[in-house]
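Below is the structure I would like to discuss, written out as structure tokens.
By written order: A, B, C, D and E. Residues from 1 in each chain.
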Amino acid sequence: MSQHLLSVVIFFPLLGVLAVVVGGREMSDRTARWLALFVTLVTFGVSLAVLGRFDHSDPSFQVVEQASWMPSIGLQWIVGVDGISLWMVLLTTFLFPVSVLASWTVTTDVRRYMISMLVLETAVLGTFLALDLIVFFIFFEALLVPMYLLIGGWGGERRVYAALKFFLYTMAGSAFLLVAILFLYAHTGASTFDLRALADASATLPVQTARWLFLGFFIAFAVKVPLFPLHTWLPDAHTEAPTAGSVLLAGILLKVGAYGMIRFTLTLFPEAAKHFSTAIEVLAVIGIIYGAVCALGQRDVKRLVAYSSVSHLGFVVLGLFALTEQSVTGGVLQMVNHGLATGALFLLVGMVYERTHTRRLDQMGGLASQMPWLLGFFLFAVFASAGLPGLSSFIGEFLVIVGTFAVSHVFGALASVAVVLGAIYLLWSYQRVAYGPIREEHRSLPDVSLREVIVIAPVLTLLLVFGVYPKLLTTSIDPSTKQVVEQVSPDHATTVIPSNTISAQAGSGG
Amino acid sequence: MRTPIAYFLLLGGILFSLGTVGVLVNRNALRIFMSVELQLNAVNLTLVSFARLHNDVGGQVLAFFSMVVAAAEVVVGLAIIVSIYRRRRTIDVDAAREMRW
Amino acid sequence: MVGALVPHVASTLWLIPALPLAGAAINLFFGDRLGRWAGVLATVLVFASFGVSLAAVLNLLTNAGDNRLAIQHLFDWISVGGFTVGFDLRLDTLSATMILVVAGIGALIHLYSIGYMAEDPRRGRFFAYMNLFVFFMLMLVLGANYLVLYLGWEGVGLCSYLLIGFWFSEPGNAEAAKKAFITTRIGDTLMLIGLAVLVFKFGTLDFEAIFGTAGSVLTKDAATVIALLLFAGAIGKSAQLPLQVWLPDAMVGPTPVSALIHAATMVTAGVYLVVRSHVLFEISGVALTVVLIVGLATALFAATCAIAQFDIKRVLAYSTISQLGYMFIAVGMRAYGVAMFFLVAHACYKALMFLGAGSVIHGMHDQQDMREMGGLRRAMPWTFVTFAIGGLAQAGVPPLAGFFAKDALLEVANHTGREAVYALGTVAAFLTAFYIGRMICMTFLGRARSEAAEHAHESQVVMLVPLVALAMSVVGVGILQLNPEGAMTKALEPVVGTAALGAGLSVTALIGIAVAVALLSLAIAWWIYGSGRVDTVAFRARMEPMATAAQRGWYVDRAYDVVIVQPAKAVARLTSDVVDALVIDGAVNGIAGLVKRSASGGKLIQTGFVRTYALVLFLGAVLVLGFIGVRG
Amino acid sequence: MPLDNVVFWVFAPIAIAAAIGMLVTRSVVYAALFLVVNFGCIAVMYLVLDAAFLFAVQIIVYAGAIMVLFLFVIMLLGVDRIEVRSERLWLQRPIAIVLAIGFALEVGAAVRAGVGLSTHAPDGFDLLQPAGNTQAVAEVLFRNYFFPFEATSILLIVAAIAAMVLAQRKVRAVTQAELGAELEDEPEDVETEIEVTP
Amino acid sequence: MIDLAHILAQAAPSPSTFAPPPSGPDAPIPTPVLVFQPVIPELVLCGFAIVGMLYEAFARRSSRTVHLVLALAGLAVAGIAALKLWNWTGDPTVLGDSIAADRFTVMATVVLVLAAAFGVIHYTHETGSGRLALRGEFYPLVLFATAGMVLIAAANDLIVVFIALEILSLSLYVLTGLGGARSNEAAMKYFLLGAFSSALFLYGVAMAYGATGTTKIPDIVSALAGQTGNQALALLAMGLLVIGFGFKIAAAPFHMWTPDVYQGAPTPVVAFMSAATKVAAFFALMRVLDVALQPLTTTWTPVIYALSIVSVVLGSVLMAAQRDVKRLLGYSSVAHAGFILAGLTSPNMIGIRAAMFYLIAYSVMTVGAFGITMLVGVKTDEPSSYDSYDGLAARSPGLAALLTIFLLSLAGIPPTVGFIAKLTVFGAAIRAGNWPLVVVCVLTSVIAAYAYLRVVLRMYFRAPHVEVEDDRSLAPQVVGLVLAITVLVLGVFPRLLSTVIESASILKW
């Protein structure tokens, strides 16, 4: 148990799947729901155990578990957690019970729905914990299927199109990843897929080769993130997916891409990463602003949030590839925060949708007077997402801006423009939803139910907590990012920020 | 013998090609099948010529085998053609294109 | 370290913002059940906070001048790779001044609100927001580094947004709230960039550290950049040109909100920021000039607008903008003491006037148009007297606070050889007195011009108490600063240092001129609007189109709408509907379509003719053999 | 001019001509007969190539058995009357011919490069077969090619069974669709089909 | 039989110590040493086939149960006999070098036998449910076909390869025709093209003989390696042989028959042949390329390379335009041939192992998939048309789930065996330095995934708009379940298979 802790985390949800399958038609929808909730909660508990065993000062991988899997090609089962993946995992295990609870309103094919959810959780956890490239790739591909089913099975009108688009888009991206992995495997001579081994071996590659491989990896993750201009699957998928689907897409699946960037592209190809960093930063900045502008132009509230994700993930990528310790940490922080903030937004949009049955902004309005609490929560999420200081997103964005500024003033400045744009489109949409005179047909809508409060409250609480005391995250994230950054660009690591310690002391003195 | 062995080989090649043309241009299943037989004979000729070239009787044995195979094939082939005719009242191969694309 | 000398102060600082925060939390969740006690709770807590502040300040003043500093380090907010930002509170004479104003006036306004919001079903929320605002405002002024300041800075923006849009069911209000938030956010963003530059230069955001080393670290240009970026933030918050557009609209919020946020405290945060960062501005020098010019321009601009308003609150709004301009003038002249005193004084009398206006509106049943008023002095004497005191104070009639402030400012201008500033300042003073006079006359003097005006009634006691208190403060606060080197300046010296004054006109002369200007302009105002000898309508008609233009704020709003807002919307639509949908996504779908077409085309090879199959097979054969032949 | 040369130059053209004839003639029967001629020529070639045994087999098996079988089927089906030669696939013939020529050239090239156009078969082939060609063939057959020989037996069984399966008309259950198809195809089969279909 | 073999072994002198050829017309012909153990599987299969044939011939009303039992028994015995050869210590090649006795063959035999067993079971069910008229000869023919396939995999002599090829082809032609009108058409197409291609193949054998003076693989390889062989003719031979095999493995552009035959032939037959033919042909191809033509590696790898690209592209792209599941699977078999060829572009043990793994994986998936299609949309004119699959998940979730697993595996989505298989072949190809080929393969596999997903999508997200019903009987579903579990288990624990393959991937000659 204890030495297989991570495997337990990964595969525990499958037990739930098993139970549901065995349950068969006899199992009532109600049972299925509760079962799924229970399983996801237990998974969360186990992941907390991981957190308990985690040594925050140690930047390397911990709780590592290694076993030969397919010796003929040197395939191994290696899972391990470090400061970065730790929080990705916790975010995942935290958001899943929430999503399950939020899916209480799903009434068709509940059993199949829950199966998809649980399989998805396993796949996602696998991607975050895998240290063997093929293992990672397997989970990376595998998570497409349940998501495909979720979108296609329980989504909106154009769900089939969206689902197929999502699947093929990401699969096409990961095609390059597979080739790159195999090439790396074949040409480093180290006949293993162990990330740690390859990280050393890849240093022997000729520069040009390494750069091509980098691109191979990067494209796959760029599609997943998604980075401009590879983002067009996102609006459709987000818009058509069921509430929980959107939450998980925005909250977790996008992070898989960003996580892949920091975990693999940066670790395996430092030189290439530096070489391409400027180009990528440009794309990221474009994405930040482009996403915000597109969000401004939306009439569909879910689409709007989707585009806001494009903008926010631009921040993440910018942070990761500015390659300063602050920016990278900020990026990772932003991954968690965006997961929570946008997750909350989608949850609330979903709750509103379940009442009004429309996502069109021009068909809502004045809801705040009818449902003060629901819209109050909504407003909280909106400001969290707009990066209000004291709420979590701010710290991430600020660190990214500060870190980037050290590398390029222009990018830093441009990135912060998004702060204004974010405020504009978020408040604009909120106003359209909540303020002004209420429509007749919405006069009798009920305010939040207890279940919904239980769904949304924890997320909002975390947004506040992480905003006021981000150290909870940074203490464990920082060492790992420090390691990465030092590996990629030693000169960047610490020197960009003039640390005149005396005054810093004076600052924190008292 | 004075004739260069290559001549026989070339003859075989030409006959084979002619057989191929027959396979490709005919619409009558029987004709197509006959053309295949022509091809097989061309091959046999080639084999025998090579046998002569190598001073090895083995080649002739191979030709013998191919004749046996050809015989078997003919049996089945003709049977199929007959059954086709039974069903469709024609052995025009172009008529059979219910399945396409 | 320095703070350690006054530990008992330092250790209690957190209490000052904590109390209103607690109130906010309680009211937010239980406000509805508390009913009218919500207001009481909120008020009590703010008063408590004021008490603690007072104690802390007095305690602070027991120290010698240079040791008047207390820093409380609560916890590390950010600490990433050598870059650390503490969640620190800092009490020095500057922040002391601010917290007294914020907590004190805030408390009075809370008290007033109990009455003002008595009928509103959602007053629980209201008081929650108000408390929250006080909390953020206190964080803003107590913050020991720019990030905590920024926290408060954005927080007050949030509360302003919530409170302006408090009655969101009326269509316009939400719009105004959004406008306020976004307009200020523009400034804030520039300020954020400024913060980034600071981090880049200093590796910290701590005031002590930055100001301590700025002289050695910053070049003149770098300082200019940072200072201007920070000042951009100030412009947004303090509604200076060119970002003044949001404040007049913000008046749709409940009047106490206007009084607290848009007159007394939040809008003055800009002034506080500049004074706080004066070191950077001084290194730059250019920045100070910019501040001066902006302030001057705003003061005049807003004054002209104020003259032409009919909505009593809009008059006050523009007057606030104009007065803030004055403060920036003072700052621009490095007369920080004067500026801060001006801030305090203005906080008092403007809060007073807003609350008075609120009382009037209340008495007039939510009528805000001055043309519908008149002769209210009989109906509501208390309001009239207190309001008049406030007005006269702003008009610069001695011995009220406003007089000392304005006079000191003009004196500094004159004695530092800034004739132009002095002249224009005087003009602005004239205009100020004029619109004040106009407002008082149209509201209280003459005869009632409407049904409502005749049946207007005095407000309840709970609303009058604050009025009286503020009126007294307006009378009394002058002693803090009888001249440019007054007590205030002295007190602030350890924080902001002193600026030497040159020679100019004699003080008495200046005072004489100032008083004369004030009284003259008041007289004119009375002659036009109060005496009833002038047909105001015809008079205004003669002033067209100037009058309307001024009333509309010289169409700056319209210009922004045409030049920025509409184009921006168009661009957004274009990007999302054309670029994204058709171009980028179009490319993707194009590829997919290509595959599909080639598939449906390619499957035609499979004609179903067996001979075609044979042909293809043989073709392949020939090609393969040819390929081999070529290669082998 | 040695005999074998003469024989070759006499019979090779005939063989090719016969093959072409088979292609161009209108009647299937003629085609079959042309093929017989061609086989005959090839048989002669075997003789020239010192493969007496195969010469015999060729005559007996091919010209004899197989072609007779063909003719038999032709007659049975009576397809010699109806012979549509119109070409629906207009590109089929040209392409086919071009490809065939290409193929022939490729083979020719290979032969030229591999064997050489003037290489003569080594002498002394008959020394290898003192007891005559048949004996020699048998010897090689049963020594080196013993197993293939066994395998062919399986082949023949399969062929027999196959012929049996295809020849006998067992009644078969048909799906509605097929029944429809049958109705157009062969009216006279219908009642048999229907009566046995439950 | 074994005894007989021993006796003969004692009786005859070894070919190495030959007496000078005796003269005289009636002198006995000395035969080579006859060791029959390695061909026992083939013999067993033929034996049971003949028995079955006799039963069919003489039983008044032959029962499918008897046939089934007979056939399964035969296959089982053959399989066991094959397994007994796993640790064969005798000569690597027997019966005058015409048969190779190595684990490679054993592997093939086992797979083929299993495929045949599934085919037989499916057929029994299909006929049992009255959708297909019972032809007792089916069972013997399947056994014969299997025998031919085993033989072709074991053959160490090109002429044996050819004969075995004919054995299996003739059986399959007939089996293909055991259905309705369509199957009849399919049989004709298959036969004509098959005859044509086998003529080409035979020509290749002839050329090989011309090049080396022998058809025995060991001698060929030594001749070519020792340069005594004739290069030009050898190349021609190689080309023709590849073409012949290419037809059997359905590699483009020799694939044209595949979709029609797959669509037309009775589903059980297709289930059997799609897997078995590929396995047999590929195993033989590997023997020919990696052993016989080993010296010509540099020449044939580019050919395989090209064929691989054409196959994957053509197969995948055309899949996208299909409206009939069986046809879809036909094209997918083309694409998969391409993938396997990609693995073979690495001319060494790695490539062979990858290909073997892929072949076995493919067999499982395709047999399973066809097994399900057999059950869907019965009693409709177009049982395998996509329309029959609308709303299958709602109609019969079990079938939908199983088919989904198989399709995802065919698409190469983890954690199915299909993914691991692709992984291994791509790995092999990249190790051989053919990364452009892999890029093409990977990208086309995305297109392929689209094609498979269209079916999945119809099963789950579409409401049925035509009146269809499915055969929900238990037995075939259990079979499907077993295969599905295999797909998943091998996908999660590939070493179960890979280790076996490792020890089986040594070709002897």
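Basically, a residue touches a chain if its C-beta (ideal position, glycine included) is under 8 Å from a C-beta of that chain, and two chains touch if they have at least 3 such contacts.
Just so it is clear, the model here is predicted, and its values are computed rather than measured.
Note on connectivity: the fewest chain-to-chain touch steps from chain A to chain E number 1. Common neighbours of chain A and chain B, by the contact definition above: C, E.
Among the remaining chains, C is positioned farthest from chain B, on the basis of C-alpha centroids. With every chain reduced to the mean of its CA atoms, the largest distance from chain D is reached by C.
Nearest to the common centre of all protein CA atoms is the CA centroid of chain A.
Taking each chain's centre as the mean of its C-alpha atoms, chain A lies 36 Å from chain C. The distance from the centre of chain C to the centre of chain E, with each centre set as the mean of the Cα atoms, comes to 81 Å. Distance between chain B and chain E, defined via averaged C-alpha coordinates, is recorded as 25 Å.
Spacing of chain D relative to chain E, judged by their CA centroids, is 27 angstrom.
Annotation for chain D: residues touching 2 or more other chains are 88, 92, 95-96, 99, 103, 106-107, 109-111, 115, 139, 144-145, 148, 152, 155, 158-159, 162, 166, 185. Among all residues of chain E, those that touch two or more other chains are 159, 163, 166, 170, 173-174, 177, 181, 188-189, 192, 196, 207, 210, 231-232, 235-236, 259-260, 321, 450.
Taken residue by residue, chain A touches two or more other chains at 168, whereas all remaining positions touch fewer. All chain pairs that touch, listed by label, are A-C, A-E, B-C, B-D, B-E, C-D, C-E, D-E.
Interface residues of chain C, counted against chain D in their complex, comprise 607, 609, 611-612, 615, 618-619, 621-622, 625-626, 629.
Those residues of chain E lying in contact with chain A across their complex are 353, 393, 408, 413-415, 419-420, 423-424, 426-427, 430-431, 435, 438-439, 442-443, 445-446, 449-450, 453, 457, 460-461, 493-495, 498-499, 501-502. Only residues 15, 21, 23-25, 27, 29-32, 34, 39, 46, 50, 53, 95-96, 98-99, 130-133, 135, 137, 140-141, 144, 147-148, 151, 157, 159-160, 163-164, 166-167, 170-171, 173-174, 177-178, 180-181, 207, 210-211, 230-233, 235-236, 379, 381-382 of chain E touch chain D when the two sit together in their complex. Remark: chain B residues 20, 23-27, 93-94, 96-101 touch chain C in the complex. On the side of chain B, the complex with chain E involves touching residues 9, 16, 19-20, 23, 29, 32-33, 36, 39-40, 42-43, 46-47, 50, 53-54, 56, 58-59, 62, 65-66, 69, 72-73, 76-77, 80-81, 83-84, 87-88, 93, 96-101.
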